[in-house]
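First chain written, first letter: the chains are A, B, C and D, and each begins at residue 1.
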Amino acid sequence: MGNTFGTLFRISTWGESHGGGIGVVIDGCPPRLPISTEEIQFELDRRRPGQSEITTPRKESDSATIVSGVYEGLTLGTPIGIYVPNGDQRPSAYSEMKDKFRPSHADFTYQTKFGIRNHEGGGRSSARETIGRVAAGAIARKVLKLAGDIDIRAYITRVHDIEAPAIEHFPSLEEVEASPVRCPHPETAETMVERIKAMRSEGDSVGGLIECRVRNLPVGLGVPVFDRLEADLAKAMLSLPATKGFEIGSGFEGTRLRGSEHNDVYVNKDGKVGTATNRSGGVQGGISNGEELIFRVAFKPTATILQNQETVDKEGKATELMGRGRHDPCVVPRAVPIVEAMASLVLVDHWMRQKAQCDSFEF
Amino acid sequence: MGNTFGTLFRISTWGESHGGGIGVVIDGCPPRLPISTEEIQFELDRRRPGQSEITTPRKESDSATIVSGVYEGLTLGTPIGIYVPNGDQRPSAYSEMKDKFRPSHADFTYQTKFGIRNHEGGGRSSARETIGRVAAGAIARKVLKLAGDIDIRAYITRVHDIEAPAIEHFPSLEEVEASPVRCPHPETAETMVERIKAMRSEGDSVGGLIECRVRNLPVGLGVPVFDRLEADLAKAMLSLPATKGFEIGSGFEGTRLRGSEHNDVYVNKDGKVGTATNRSGGVQGGISNGEELIFRVAFKPTATILQNQETVDKEGKATELMGRGRHDPCVVPRAVPIVEAMASLVLVDHWMRQKAQCDSFEF
Amino acid sequence: MGNTFGTLFRISTWGESHGGGIGVVIDGCPPRLPISTEEIQFELDRRRPGQSEITTPRKESDSATIVSGVYEGLTLGTPIGIYVPNGDQRPSAYSEMKDKFRPSHADFTYQTKFGIRNHEGGGRSSARETIGRVAAGAIARKVLKLAGDIDIRAYITRVHDIEAPAIEHFPSLEEVEASPVRCPHPETAETMVERIKAMRSEGDSVGGLIECRVRNLPVGLGVPVFDRLEADLAKAMLSLPATKGFEIGSGFEGTRLRGSEHNDVYVNKDGKVGTATNRSGGVQGGISNGEELIFRVAFKPTATILQNQETVDKEGKATELMGRGRHDPCVVPRAVPIVEAMASLVLVDHWMRQKAQCDSFEF
Amino acid sequence: MGNTFGTLFRISTWGESHGGGIGVVIDGCPPRLPISTEEIQFELDRRRPGQSEITTPRKESDSATIVSGVYEGLTLGTPIGIYVPNGDQRPSAYSEMKDKFRPSHADFTYQTKFGIRNHEGGGRSSARETIGRVAAGAIARKVLKLAGDIDIRAYITRVHDIEAPAIEHFPSLEEVEASPVRCPHPETAETMVERIKAMRSEGDSVGGLIECRVRNLPVGLGVPVFDRLEADLAKAMLSLPATKGFEIGSGFEGTRLRGSEHNDVYVNKDGKVGTATNRSGGVQGGISNGEELIFRVAFKPTATILQNQETVDKEGKATELMGRGRHDPCVVPRAVPIVEAMASLVLVDHWMRQKAQCDSFEF
């Protein structure tokens, strides 16, 4: 059951990194939504390997086909099937993985959990799995845009120890995409690119932080008590490969403040209730409060490094493994559209839940 | 639907802070589990207000009654209903709340989302709601203990800016409970207590960090890709009131390391595959790897402070609100058993899922 | 997980026939619905034992208390907890049941499935469990009435071999309640009452058929393909104790017609599309078509009879069991409000689903 | 959400009759199950149009490809994706359907519910949708066979008014497949075939009854109270196109018996507890009792007939529609493998649920 996400706007992803392909089924999308393959492909291209000089040189076109649920450019309200065939597979690059467990990869846990594993690649633990999420997210994003003019923007704020100054404004897509590292602060972006290139030349890797903001959210999204908006966002983000943390608003640092410093007092903003500050990050009691939603996700350094590492084999015997293959020295830039996709999925689901329970009835 | 948590071991909580009472229904508990009211009450007492000099002086006995699902001390496999009546309510203490929105509370968002609200208390956003979680968690914990000798231990590592040194060992329950602040480092605990008392005297509040560890977990818990163990834990923790962040293993700080520094290499530990370090925090690819599970949760300072704060009223008019009532200057110590309860619920659910899909079949 | 029903309007029932009590938690009810304890009690009284000369003489007041989710007569949008304490228990009446399996009861299957059982009564397989459903159904029915003027009416069409002539009109509540047997055809009702009394005097029992109709349904309720309206209704009905069959529209007899005889041709009814006949029973492709919804449910004769029956004991040894206790010779009249409750729950859920997916968006 | 079925063994189907293709994602299948494309194709061929002289002459090869989740002939425990491309589409045959609603089809309800519809075919309401179910059912059936030697057999007992004598034994697959009508009573089968041919020559259609039996079920499958085994089976069956009724064991006719005639007394069968008769149909209290599971499903006559019928167009104007295309005069024979598939899906799900909750724990 772990391959389905969402309650009303529900996606099921399938496919391994090495196999026929990758896909997603979207169940519950509102009917009559205009959507094109191009809109989906646009987001997939942002996630695609080989898109820039700092990503893996693997060439994967990741071309999406809509196989059901859309007719003459409009959604039918029935399940949308999207299919992306695999290509450019080099199983030989992975032959050692049959018997040895790669450090900080899922080889060992998959093998033990399932008693079997496709050793030709990362299987479901491969980042290729996120293709289905990004494709579905493109549709979710379109719903939110048309239904509420909602904008979702993620970007990198730190790579390794290179941190951008606080991004005060809501950056445009162009600002984010200006650099292959997707940091909207140009000088920092440049340094980040250099660091990533340096890591590649050393056969090493780095991680970083992604910040994501959402504007124009109505008040009321999020359901007490278990499906608080931040709870669903946290799950969405920690379900992504290589993530180690999630925080919203003031986050971990906010715990160093006093209540009198941390509280967001209410003010009247041009006739609407708002808050003077936004340490809450756009939620109160698990429900959106109309302010910008803002959260951050921590990505660990890529586990695959081109260095010799100790490990054990299937029999538990000590051995060594030399990292091979074509991998990203830093996955975080390519994770930016994935974070946006997951945020879109959470938000459209709560949008629909709010309509169903609260907005549709006038007794 | 937001009041249900879990897939196979599923709880539904109900009840507001001011009303008949609080309760929980547990659906899916294995039959024949020995469980007593005392075991449940033990955990509720750890969560209870008025338990020590640093918590709210509100006296709530929070006495649990098992109203179904247990017969002669054993679970029946049918829904377990647990009921805790409310008491010691002082709605008058909340009268101002009818028209004014308390800063950083859920008054405004509940009112706007639902178009109605019980202004006599926090309603579902009150921490009283967690009573049901703690009661259910006591049962989940018992299942895990008997089925796999699994231990779950949470404790405080920081209050405001007072941080304990790294806790290297798995602390005993006694060590944690030795101080009312539930920090297993005695000297730090003492300083924390002083700080909390100081905050109370100033009518202010502080937050902090809770760390939680689980030992004796088998390899294999957690389901790719959306129900990764850390994803479900993140959701569980961010569903708690006052939480702003979650991290597992190396967490946010781990993003400052290189891959070569961060990877956990595999070693043979007395015949079993293990890792030399534990930056992963006990999971790989979303699945438990047999090492200690370790994660941290950030709690913001209590929103209720005994100070005058600006706010707006229902009409959006600027006004002021003087914090009243009997509240915790720091909720984190009482959150320790709640974090354990939520972790127990996540783990027992994944234990059952692993049995259902992977362990029950030998083809 | 089997104790929860519904997707958006979701109920969880708990409680055994002998124990603290019976209850239900309703999650997802729209906020601001006016609802009173009296409205709930009205339906519970229709289900209550001892309500008439043809039901069991057991006196159970079945008094409902709303313990959460309603404030000053309006729903809050948070979980509604309803509690009905058990009373008038006579466990001694059941002492033989500890070791012997009652024929066509769930004693044997519960004991084998769970390895344990509360032998003092029917536990969860008791019809007392349906109290929670009826209480929740009263709220669902109110939502449907206020939101769409929807009427739900069930009644008996056959007891044993006594069959009422086809009920051509939509009967009023008064017509149904005019007889304790709840058949709106007065002459037949009288014969049915006599038959039931005769059965009681013989220590035997009978079953029968319930027909249920719903009017004023909008077009569009029901979700292809697994959650077709008739699929969810079938599940709802077969989840009731003692049910053996479900049919919609032309049902089993309709299979004897040709397509040219069975098809419902479309006609223009005062400007609206309708069908000339209603063999479909109000659905097409699993979706309500605006005609009257009409379905039937088969109830077997009560398993408890006051006669000596062969059976085996826990050790599998042949023995005999003399039926005792105070039971209904025919449960069908008391099942009428239960069928209505379950239909209400299915319909309100689909109403909300339709709002969420289809009605809320105009792209 | 209506396109997903099952809790632990969960399938999501996608695809319209006219479009890229049809498919299914199976989430939760146990790992290490040996499964081949041939085993899946075998069941698809039983469902395929054009398989015999009494089905539609449409030629659809319905070739299945496994695109994920199976590696070297064994399931991986990850989602199994199965894809069947569409072929032999003749949208022109459906051109009239753009504006006119076919009687007793889903055109009108889909159009009204979704505000849009692919008029080139039946869309999701087409029987082609069941391809995904049959493919998934082939895998579910294999799990049950290997895990518990469980056999599932459906067959036709009535076509129009031609009824086979009661089938006393559990028929073999060969007996069922001996006739294209899939009735294991050869003489009746022959008459049924003649009737179906006669209907085709008249441009008319007929329906019928399918009976399904399952042997070797363990005691204990089915979960009180909403997920009773018969409730889940009823939903599964009523989710199939053209179904109008479901009954288990004695069914509708059983309501004509007295309790003393209907009860199944317990007896010791070679050391195991069993029942002397099987009016219960293999369940008690919603839980399998170890006897044969036996249920029946009613299928209405095919809505598509090659005759002129009255109807209305999109504007509600009266018009006529001449049935065209190549359709089955009786869909029931092809529904036999579909009923088996749905039964398999329900049973494997409950098998896994029983493992998870009851069988895995020994306290």
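Simple rule for what comes next: a contact is a pair of C-beta atoms (placed from the backbone, for glycine too) under 8 Å apart; a residue touches a chain by one contact, two chains touch by 3 or more.
As the structure is a prediction and not an experimental result, all values here were calculated from the model.
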Note: of the two pairs B-C and C-D, more contacts are counted for C-D
Measuring between mean CA coordinates, which chain is farthest from chain C?
A
Please tell me the distance, in whole Å, between the geometric centres of chain C and chain D computed from their C-alpha atoms.
26
Intercentroid distance (Cα basis), chain D paired with chain B, Å
45
Where the centres are mean C-alpha positions, what is the separation of chain B from chain C, in Å?
39
Among the residues of chain C, pick out those that touch two or more other chains and give their numbers.
1-4, 7-8, 13, 28, 31-32, 77-78, 113-115, 124, 224, 353, 358
If you connect every pair of chains that touch, what shape comes out? Choose line, ring, star, complete or other.
complete
Touching residues of chain A toward chain D in the complex: what are they?
1-4, 7-8, 10, 12-16, 19-23, 25, 27-28, 31-32, 65-69, 71, 74-81, 83, 113-118, 123-124
So in the complex, the part of chain B that touches chain A is made up of which residues?
1-5, 7, 13, 101, 103-106, 108-110, 112-115, 124-125, 129, 158, 160-161, 199, 204-209, 219-220, 222-228, 230-239, 241, 243-252, 254-268, 271-273, 275-276, 279-281, 283-289, 298-305, 307, 309-312, 316-318, 353-354, 358
Could you pull out which chain D residues touch chain B in their complex?
8, 28-34, 77-78, 143, 146-147, 224, 352-353, 355-361, 363
